[in-house]
Amino acid sequence: MNSLVDLNDFSLDEIEKILEKAFEIKNCPERFKNAMEGKILATLFFEPSTRTQFSFQTAMYRLGGHTIGFSNSLNSSVSKGEDLKDTIKIVSGYADIIVIRHPLEGAAMLASLFSSCSVVNAGDGGHLHPTQTLTDIFTILEYKRQLFNLTIGVCGDLKYSRTVNSLVEFLNRFKDNKFVLISNEDFKLSGALKENIEKKGNTFIESSSLKDSIKDLDVLYMTRMQKERFEQNQNKKEDLILLNEEILKFAKSDLAIMHPLPRTKEIDSLVDKDKRAIYFDQALNGVYVRMALILYLLEEEKEKKEMKEKKEFVCENKNCITKTEQYLPKYFREDENGVFCEYCGKMVN
Amino acid sequence: MNSLVDLNDFSLDEIEKILEKAFEIKNCPERFKNAMEGKILATLFFEPSTRTQFSFQTAMYRLGGHTIGFSNSLNSSVSKGEDLKDTIKIVSGYADIIVIRHPLEGAAMLASLFSSCSVVNAGDGGHLHPTQTLTDIFTILEYKRQLFNLTIGVCGDLKYSRTVNSLVEFLNRFKDNKFVLISNEDFKLSGALKENIEKKGNTFIESSSLKDSIKDLDVLYMTRMQKERFEQNQNKKEDLILLNEEILKFAKSDLAIMHPLPRTKEIDSLVDKDKRAIYFDQALNGVYVRMALILYLLEEEKEKKEMKEKKEFVCENKNCITKTEQYLPKYFREDENGVFCEYCGKMVN
Amino acid sequence: MNSLVDLNDFSLDEIEKILEKAFEIKNCPERFKNAMEGKILATLFFEPSTRTQFSFQTAMYRLGGHTIGFSNSLNSSVSKGEDLKDTIKIVSGYADIIVIRHPLEGAAMLASLFSSCSVVNAGDGGHLHPTQTLTDIFTILEYKRQLFNLTIGVCGDLKYSRTVNSLVEFLNRFKDNKFVLISNEDFKLSGALKENIEKKGNTFIESSSLKDSIKDLDVLYMTRMQKERFEQNQNKKEDLILLNEEILKFAKSDLAIMHPLPRTKEIDSLVDKDKRAIYFDQALNGVYVRMALILYLLEEEKEKKEMKEKKEFVCENKNCITKTEQYLPKYFREDENGVFCEYCGKMVN
């Protein structure tokens, strides 16, 4: 069964096919209204994420299918004293596709190992959220018609935001891209990712002023501060880099202003009326992209990822799913940089 | 996009059309079973109201559509640190119609301002609940064949019950109606509404005895005490005006006994078997009326209400949605009685 | 309206019809995909049971129907200050079939008394859970092709597990069955049920060792310890009777290993790969059986059970629904063993 756990498991070719299908659907949704008739999508949300869950449910309904699921494991009897693996085995007997969100890193990979149906990762802790990235790419393609030779600003919490990290990583697969990294000192992009940008022959500059940096941007991707972090330092008001009408005066006329939403205060609501503000379109695109992904996973053939078991290694990440689900095979992968846990992606010391 | 926020925004002509459609549906539901095929209704219930939510969901399913939604914002991630406006903008991208219930007055109007799809008010604090009133009117029409020249008893909590207030207000649009207001001293109908009855040439009498008043009634609309209120005065058993078989002996043979439900103790359950007790039919009618409303909003053309912004005014109602959502334009309306907040309907001092 | 409250209200003939329909559906689900088009199933879960709820929802969707419902009455406004009877009356106006789960014994029978649509008992306290038993029987039939002349081991908590008790009771309707009751001292099957086995001419033996008893078994039905009970005696590790690969070496090659799930630790997860482990198939069968049941209840004619009111009796069971819902008629039945409450099934002293 095909699953989407990590976007890196998909070739550019495969991603292109999904995005093409998404454009096809957006142009003529009517043609796909019965594509999933009689099929069931299960949304297993072990932590609440209402927007993401709505987006998947809407996608399934627009394809003529049904959904089951829960929005918060606290209100559910699932997984009380039961292995996550058993929950997945049972539900995958009922459903044709499982969408899982879980606070632990690697939970979606676990699900893909034990499920008898397709699995989609809708966020596993701070680790991955690939359908958000697919949505972001789709939206950039829609507005810019290309994924290379762009000047992309990412602004806000570049350290903790997994959507920023995934997006930069993905766009770095294409040539002649220039990244403008706008953040305060405490929220800078990781050194490893900056190295990767240079390795691929792309470039980046760092800035702490949105006003100074906005003029060259083709795309501006805003993110909110991780609330947890922000509340600890509540007196540090200067942490917030704000986009408002004033600053927008310095921007290109065809800038694409994006945001994964929800926003807190980092984009002034007066900006919403500016035609360059496309974040609500971006949210809607999430439905088309998820429709395309569902069709792709259930209808196409895809090679299974090969796993390597290394019994001598132990993942040290305390948020890794291997910590609570101890029956899991010890899958690790190796490259020139080291050995990495296949579940949470963290390096093994 | 057409919305139903306040029944007063609809002409009698429009309401008649909706009710006619509801009768048509009740007579032949089969004909409408695919009317909303492929469409999505979102139930955004920021406070739980299971019956109302079920009623809307059932209506949408009986029309062949789908639903998404939540039943309690505490279990949802929606609106945590996000403006209500953003939630509405995102969800209205996914859905074809939004049904909103919210503890703050004016929330449904806010939704109608920012939504890109139709909005229905399913209760905004103590303010309005127009689909309940539509259901009540439909039921009276069904059993009495007319909305004029009726003797209507309303009994129980006439002060706090928004359904009683809406119903009296609506029936006061028709001539030769006589209102019998049955309540204890602390739960009397507001003076303003009593004045309006007289202004329109209708009449009312007040009573504290259901037994004495029941004999002339064509309709008896019972309501429960607001629990909050009741528990404070738990020793005041006399607050409860009870309808039982004994009292019913004095009533007309074609009395229509109604109740918006849930009831607590104000109607003895032995009354349920009396053929004059139509409150469960009334509940079921709610589905037909909501089916008709959905069809009306999505299929008919309606003129948009015009708003007037008055920057010099501030609404003082602490339960008004303008208190928490501060980006809202300051809409007020003026008439001979004063200036009113367009969101919560309260007068500005 | 037909309801399933207690499997004992169904004749073997009726049960056979349901199981035959379930096999028919499993063989060709496609044929039934529109059987419930336009129909609504309501899942009223006054306590959470995610798997059971998913199973019913999936069944309804696979038949082309819709569902409404809640998964936990704490998040719902249903039954706050309202009689359960009123909730049932209202919801049965909306839905075509109600599935109820409730912490109190007899709640499903209450629902069947007041509902204007069919009702299915999905668990009423520790009392009954008939669709689990139907699923178990279906699975045994599928793997063993017969329900007589079997050696059936039941292992674990034989005292508190309602599924074990129902299954043994049901299989005891057939001849030449031998029951092997495997448990620790504190968790033995009730004396009354053991007497019934002998009365019917079947046999049983008791054992505290799974290893010693497994070799003759055709079916092994494992159950988990009731957590509540287990936690009180947490030092008693010996309470757990474990099935693992080692013990399985002594079993027949065509043993059917079953479990109602969720399991906790009583079956080692390495057993999952053994082809004799059929508990996940059993869970999936629950969907086919529930599909068949829904069709049976809505499409067949069934005689209504007759009730006898005995005003002189009072049920003393503190978990009986008659304790909270005091308007209930006092239904009791009598046989040679005594007088029993019709709601919770307990004997009246």
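Each chain gets a letter, A, B and C, in the order it is written, and its residues are counted from 1.
One rule holds in what follows: contacts are C-beta pairs under 8 Å (C-beta built on N, C-alpha and C of every residue); 3 or more make two chains touch, one makes a residue touch a chain.
Keep in mind that this is a model prediction, so the values were computed, not measured.
Counting the residue numbers used at the interface between subunit A and subunit B, under half appear in both copies, so the two copies meet with largely different residues. Per the C-alpha superposition, subunit A sits rotated 120 degrees relative to subunit C, a value rounded to a multiple of 5.
As a whole-number value, the distance joining the C-alpha centres of subunit A and subunit B reads 42 Å.
Within subunit C, contacts with two or more other chains are made by residues 75. Subunit A makes touch with subunit C in their complex at residues 38, 40, 42, 66, 68, 70, 75-78, 80-83, 85-87, 89-91, 93-95, 327. Those residues of subunit B whose C-beta lies close enough to touch subunit C in the complex are 33, 48-51, 54-55, 57-58, 61-62, 64, 71-72, 75, 227, 261-264, 269, 272, 280, 283-284, 287.
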